[in-house]
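The same chain A turns up in both complexes below, where it pairs with chain B and then with chain C.
Entry: the complex of A and B
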């Protein structure tokens, strides 16, 4: 179990992480969701020991690891750019850690070869060992990077946007494979990403990092349906967040959130009276294939989005620049207390 | 349209430049095949390899004494070798240090670079005065060696700085995350990747030291290095044996360059040895 306690990191005047409390349980796929610049990579680098926190403690299975040199931490790291050793072949890359690590290096060549081949088989690269790392494709490099890390059997594996450099098709395939590989090994993965779909697909648990803190850490369906605060909701890219005062019913004060797919649209005055509604101007629509996204502007300038599934259309014909009433079921809204 | 004039002009310019560059070498090479009774100028009386034989001591005794370069050649090579090793090691180490911005790195950078900027004659003279004051005997392996290092180390340092500038730090971090110690990481990852740069730094150091003159002049003591020995013979009288020697040393330098090129090629092609690409 990896535990971060009040971890802070500043660069000059800028605060990257501001008292992060975070737990990655045993045998878990933890996805960490955050916008770019939110400090995701910094967090991983602190855990791996490439940098040290200014404050706070990091411990693994109860023992503190902050302050330890990174090569003694026994933590795997998969880089966004893969960071393969360009002067070594695929097999040599995978065998590198076994052969040269400071603690208990292997000297038996047969054992090294067997474990290397097993690792390559695990990631589906049997027979690629003799190749140079520049002579394989991006997806294959990703697998080599993974095999190289996993063969050393680290206590936890950190993945820094591991799918960022791959194209969309490959990405969804690697998602499934990463999950399957992790389940087979039973080791915890901490996967950092800026994509909410990736985080929700991959994670047994998803944590949202914003403003230098963990905003929420929950199971993906729980997080998606019950974001605990406005920041978490904003990162899911599925929630409209607007001021309660805009609505027809008295919904109290402060920001409230309603999911894109739970808002209905009517002509002005035609909204059912029992449902809270607000007036907004239709801006434009965006066709995404199976879904269509419509954009509205509320009276105070807030941008609202409504998603419509093509198989079950529920929106009237919309005219750009016209006003409409947006309404939703009273139990669909999430109300956040305190500052957003 | 534009290239109809521009390209031939540039081509002509390049040809002229190359002729100008290699003109002296070509003249020297031609004159080195002068006959025994010919002088160090045109016309060639008769083509012969007499002066090569003379240089290597195969010729009959003649009115011209043999060129006193044997010992000095050896000295220069040993000196250049020592300088190469020390400068390259220092260059790599300091460039590695400059990867992190440490306190005082700015002034340190300029102080190092100054070594190749200050006039050689002045540094040589200064070193001679200093060694006199301190009572240290001047010698090619002592005072000259120090100045050669001071002179070539900035070059090696700059080459390595450029190499480290493009170096992807994450491969080192990847190695650390696999449990490999920093020392082993340098040996197994960093060094192999920067090795082409190290080769270049070595080449720079060697050639700069091998024909260094100004700094050596005042600091070599009584045992001369090759450039000094050659210069010494000018003050008597010039014979074509000097030209023959010039041709041979150029061939030697060229051999070094070829070795460098081969090593470089072998090393840089290793990464892309396998061609072809498969889908994932």
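Entry: the complex of A and C
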């Protein structure tokens, strides 16, 4: 179990992490969701030991690891750009850790070869060992980077946007494979990403990092349906967040959130009176294939989105620039108390 | 549906691909020709001339174009001249190693540990500052440093480390080695810094993450990746040191005779044929050294 306790990191005047409390349980696929610049990579670098926290402690299975040299921490790190050794072959890349680690390096060449081949087989690259790392595709490089990390049997594997450099097709395939590989090994993965779909698909648990803190850490369905604060809801890219005062019913003060797919649209005045509603101007629509997204502007300028599934269309024909009433079931809204 | 026609009337007998290829070829020739012309006029022709002259007949006061191998025979049978080849090779090798030993850590610092590009450039420029003064002054400046009444002897005597001045410091092979190492070190630092600066820092972090200590990372990752830089630097230094004569002339007190010094003195006494032989021998040595260096590292693959 990896535990971060009140971890802070500042760069000059800028605060990257501000008192992060975070737990990655044993045998878990943890996805960490955050916008770019939110400090995701910094968090991973602190755990791996490439940098040290200004404050707070990091411990693994109860023992503190902050302050330890990174090469003795026994933590796997898969880099976004893969960071393969350009002068070594695929097999030599994978065997590097076994052969050259300071703690308990292997000297038996047969064992090194066997374990290298087993790792390459695990990631589906059997027979690629002799290739140069510049002679393989991006997806294959990603697998080499993964095999190179996994072969050392680290106590936890950190993945820094591991799918960011891959094309969409490859990305969805690697998603499944990463999950399957992790389940086979039984080691915890901490996967950092900026994509909410990736985080929700991959994670047994998803944590949201924003403003230098963990905003919420929950099971994906829980997080998606019950975001605990406006910041978490914003990162899911499925919630409209607006001021409660805009609505017809008295919903109190402060920000509230309603999911894109739980808002209905009616002509002005035609909204059912028992449902809270608000007035907004239709801006434009965006056709995405199986779904269509409509954009509205509320009276105070807030941008609202409504998603319509083509199989069950429920929106009237919309005219750009015209006002409509957006309404939703009273139990569909999430109300947040405290800061937005 | 609209039907699109893709037929355009073809007016020229050549395909666009052929025309493009022709144009590219013309451009390549145009770009090459000034260089080729220059090389032919100022390198190939003089080289051929030197080889030709090395077979001329040399008498004490004149040289004539009757072909003979006498100069070659005299050169290759003379202990002095063969000794000069040996001295040249020995000094080359020592200076080469010294520039690597002194230059590599400097390059390692600038290229790898300084990650601020501006500071990197500033430090590299600082390495070049000695070149703002002329070559000869840089060489001669070593005399007040190394002489019996020079700075180093004075300091050592003041500190009580030695009781009388060290005489081997100046006008010896040692002073030639010191002078050459100082002058040529920067040509080693530059290329190595360049190669080290291109190493992705995450590659080093990855090696650390896989459990390698700094020593191992240096041996297995940094050194191999910087080797092309060492090779380019070595070629620079080798070419310059092998053809050297001025440092030896002004710092060795005429005790160290390099092939370059022999050429200078032979030309000085109008022994053209003999100077030509030494020149050809020197050229062969330099060519061999470069060929060897290129054999060790495939630069086309690495750069």
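In the analysis below, the second predicted complex is superposed on the first by the 340 of 340 C-alpha atoms of A that agree within 3 Å, B and C clash if a C-alpha of one lies under 4 Å from a C-alpha of the other, contacts with A are read in each partner's own complex, and residues count from 1 in each chain.
Here is the rule we use: contacts are C-beta pairs under 8 Å (C-beta built on N, C-alpha and C of every residue); 3 or more make two chains touch, one makes a residue touch a chain.
What you see is a predicted model, and the numbers here were worked out from it, not measured in a lab.
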Superposed partners chain B and chain C on chain A - clash or fit: clash
Chain C versus chain B, contacts on chain A by residue: B
Contacts of A:75 with chain B and chain C, given as first, second, both or neither: both
Contacts of A:140 with chain B and chain C, given as first, second, both or neither: first
First (chain B), second (chain C), both or neither touched by A:50: both
Touched partner set for A:85, first chain B, second chain C, both or neither: both
Chain B versus chain C as contact partner of A:270, first or second or both or neither: neither
Which of chain B and chain C A:102 touches, first, second, both or neither: both
Partner chain(s) touched by A:14 [first = chain B, second = chain C, both, neither]: neither
Chain B versus chain C as contact partner of A:219, first or second or both or neither: neither
Doubly contacted residues of chain A, that is, touched by chain B and again by chain C: 48-50, 70-72, 74-77, 79, 81, 83-87, 96-97, 100-103, 148-149, 152
Sites on chain B touched by chain A in the complex: 168, 170-171, 173-182, 184-185, 188-189, 192-193, 270-280
Residues of chain A defined as touching chain C within the complex: 48-50, 70-72, 74-77, 79, 81, 83-87, 96-97, 100-103, 105, 148-149, 152
Interface residues, chain A side, partner chain B - complex: 48-50, 69-72, 74-77, 79, 81, 83-87, 96-97, 100-103, 130-140, 142-143, 145, 148-149, 152, 154, 170, 173
Residues of chain C defined as touching chain A within the complex: 200, 202-203, 205-213, 216, 220-221, 224-225
